[in-house]
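Remarks on the structure that follows.
By written order: A, B, C and D. Residues from 1 in each chain.
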Amino acid sequence: MTKYNLMKKVHNLLTFGFDSQPRRFISWFIISLICLNVLAVILGSVDTIGRDYHDLLFGFEIFSVAVFSLEYILRVWSCTVEPKYSHPFTGRIRFAVSPLALTDLLAILPFYLPFLIHVDLRFLRTLRLLRLFRLGHLKRFNETSRMILNVLRERREALIISFAIILLLIIFTSSLMYFVENPAQPEVFKNIPDSMWWAVMTMTTVGYGDIYPIIALGKLLTSIISILGLATFALPTAILSAGLLEEFQNKKIHEHICPTCGQEIPKT
Amino acid sequence: MTKYNLMKKVHNLLTFGFDSQPRRFISWFIISLICLNVLAVILGSVDTIGRDYHDLLFGFEIFSVAVFSLEYILRVWSCTVEPKYSHPFTGRIRFAVSPLALTDLLAILPFYLPFLIHVDLRFLRTLRLLRLFRLGHLKRFNETSRMILNVLRERREALIISFAIILLLIIFTSSLMYFVENPAQPEVFKNIPDSMWWAVMTMTTVGYGDIYPIIALGKLLTSIISILGLATFALPTAILSAGLLEEFQNKKIHEHICPTCGQEIPKT
Amino acid sequence: MTKYNLMKKVHNLLTFGFDSQPRRFISWFIISLICLNVLAVILGSVDTIGRDYHDLLFGFEIFSVAVFSLEYILRVWSCTVEPKYSHPFTGRIRFAVSPLALTDLLAILPFYLPFLIHVDLRFLRTLRLLRLFRLGHLKRFNETSRMILNVLRERREALIISFAIILLLIIFTSSLMYFVENPAQPEVFKNIPDSMWWAVMTMTTVGYGDIYPIIALGKLLTSIISILGLATFALPTAILSAGLLEEFQNKKIHEHICPTCGQEIPKT
Amino acid sequence: MTKYNLMKKVHNLLTFGFDSQPRRFISWFIISLICLNVLAVILGSVDTIGRDYHDLLFGFEIFSVAVFSLEYILRVWSCTVEPKYSHPFTGRIRFAVSPLALTDLLAILPFYLPFLIHVDLRFLRTLRLLRLFRLGHLKRFNETSRMILNVLRERREALIISFAIILLLIIFTSSLMYFVENPAQPEVFKNIPDSMWWAVMTMTTVGYGDIYPIIALGKLLTSIISILGLATFALPTAILSAGLLEEFQNKKIHEHICPTCGQEIPKT
């Protein structure tokens, strides 16, 4: 029983919350450590900083990996207090393969791995930021993030269809442009994948300028494609926008306020 | 009678559907073949792959053209079971010139044609993808795609007007900019069609950087044009967005749920 | 009386309309002539075409200027049949200075002027396209264009405020960036007008690539500015979008259909 | 009492208003001086103008600094007539540290400072434009600007969340692209901050073309990122758009007009 209570206490302390002195302290400590860590990864990539502050950054990395490793172990150990991970062995395994626990592991691993495989995977450390999403469970942001997720879920099919249309448009236009521009610029529109790169960069209107048509027909087609593309790429935005508005209205209905006249709706 | 039943069976098997074992198998087989084919066209355009796997890609192409040709012939043969194509001869001709049957033919032809005309029309093979739109007839995606098409149909006039405004804006600004920039950059703003290319690339905000104003007046006009253009090109997006929202609300009404209060609407 | 009837007949024939044989013929003739003219201006600007077809284009220009001049004179002559231009002299003057009549004049003048002033104002000929807007008075497009104009009028103040915010943002960021980047790139960020050119091209996301920050602080500021700018430039779009949706709903109300439940609204 | 009345009169005269002859005169004088000043800063930065009209611009600067300094002193002196700044000493201090008074001071200071510190802070003079926001308090624009601010306030959390998602996406994609592209272009994707610059410029679709991926994997990732980025960056726009529409509807409700049927709502 003591062990169970200890686990419960550890589990409770490691969940973000600001209702008691120790939870508040641990939450802020973990949040700060995550942010500082990502800052260290970003700054450490700069030549001069990475060289001059090498020892400081490395020391800080050892310290934070130690903290995150300890936290990870404690989390896996104490997860059994949650009903859905209650089994001492399979419960912990199932917790360990849950998306958030896996990203936690991925964020620590790059530190231990270099001794084994010689690839620089330090960029995986930024995955630690994903943990901040747990803040979304706080009451304050909960409702808004739930609304955004709701829109994504309810408009799932419309979004899939619009992405399918976008994909088809990319494949058609890129094979067409490859056919039109390849003879004129064999080194730029080298093959269809390169042409697809052009299609995406044009229809998203990024337009780096590393690849563009030079012959008249190509320019005419690009003009038509870019206007069509603008409308097509606007489809997901329009769907999200319409969905969000509906969600805002539903929220009012949920609060028994009529979105039309602003007066209270009698409960039925 | 036997022949009619066979035609009916063939016709049924060649329509996408997942309700029986053979239809499911044929549907998945055709879908996979279409996707693999497009992938083969894309990868085959890459120098090294096109050379190294030439025989494999060519073999796969022969196989799929055989399948698609057989499918096309069977489709034309069995189309008479549909009431609207019931006449043995004119019905089949009318089926053959329907948009989807034409794209099917266009997708096979490039294989037979090179022996006749020596133009590389292999990019037409990507037209096969259009067939995937038939999946849209499946119940699951039917409603959403119908809603998107509805918006396009109902807002037809508003969309035409906004595209007309866009076209006028392009013609005006490009002839104006030709007048302003041509003396300074005779090789860049060479003529009004080139200037129109600039206008479209600026107002869609693609901005490759191959053509841009360099004199003060041209820059001032471009600034005004690009802000105006942003608002004008946003018009179709706004129309689509507003139309989709209405469609979402209409759907609820259709389901006898009031979009205002979320309660059931009494049938009248 | 005969003269008045003739004027009335001429005035009626020169107004776009498709209700009688002669009006239909004249309308289509004028529309075609306008479109062909603009096409001639565009194509005539291309070196090779302008040279090879010089005589044809010049002949066509003389013919159309003759037609448009005649039409202009007839219009001014017959305008007195309209009540608001009824006075024989001042009415005609007031008609001649109305926006559409002025653009008509501007579209013809460049042909007569070269003999006087030696500036190439042929681009003004594209102004003839503005006449096509008169088609907007036709019943079919009337409603939709009225709705778009309504949104612009009703949301006038919101649009003015958002353009004022955009202008302020441009002035601030450009003077700030001039201060930051001028020491590093004195030839690129030469002065504040150049910096404003950068600001507009960045915030509209055109990004030609002829002018961009190279020092760290400038890049950081640009990142913040471009995200802020995206939201600010989205304001007019959002206003238009919201306004159009309202207009669509109002239209239904006007037709006595409740946009909420799709049923008829009892007249009060 | 005389002094208090004088302060009240001065305070009233220095607040933008157009209801009496002297207030109208002073308001227009100050507005013109602000606009001319900003124009002088912009034009003065242009080499030739700054040199040729040096004396005129300097004279105008001395004159306007004199006016703005006097106005600033009078404002601080007379602010005690407002109840919330009533205390002769602490009230004035609290007024002096209010945002608008601080920007007023910041706009004058650069003129006096050069004699002390040798940094060119003239760009701070554009801060004077911020004063024009006080025009927003005029009845005409008051309602619209209140509506825009309302949307920003009510959708605060949704906006914060979407900016947090944008920030996370930038950090992830930039560290990933640094990892992918750095080996191929060590001089372009030099470090993660440079990669972040790339990420922002790509996802806002500015795309200057000074930094872009060149290897296949980098291009594939960029394609996915730019489409995802487009949808993510559309989130704030969608939120604003949906919020504005709601605000327009609420306004109608406030005016006791039902947004659904356009009829008057009976007061309860």
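Just so we're on the same page, a contact is a pair of C-beta atoms (placed from the backbone, for glycine too) under 8 Å apart; a residue touches a chain by one contact, two chains touch by 3 or more.
All values reported here derive from a predicted model rather than from experimental measurement.
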Touching both subunit A and subunit D (chains): B, C
Between A-C and B-C, the pair joined by more C-beta contacts: B-C
Same-residue or different-residue interface between subunit A and subunit B, half as cut-off: different
Rounded Å distance, subunit B centre to subunit C centre (Cα mean): 30
Intercentroid distance (Cα basis), subunit C paired with subunit A, Å: 43
Where subunit C touches two or more other chains, by residue: 193, 196, 205-209, 237, 241, 245, 249, 259-260
Contact footprint of subunit B on subunit D as seen in their complex: 205, 207-209, 241, 260
Residue numbers on subunit C that touch subunit D, as the complex places them: 157-158, 160-162, 164, 168, 171-172, 175-176, 178-179, 190-193, 196, 202, 205-209, 212, 216, 219, 222-223, 226-227, 230-231, 234-235, 237-239, 241-243, 245-246, 249-250, 253, 258-260, 265, 268
Of all residues in subunit B, those that touch subunit A in their complex: 38, 41-43, 45-47, 50, 120-121, 123, 126-127, 129-130, 132, 136, 140-141, 144-145, 147-148, 163, 166, 193, 196-197, 200-201, 204-210, 233, 236-237, 240-241, 244-245, 248-249, 259-263
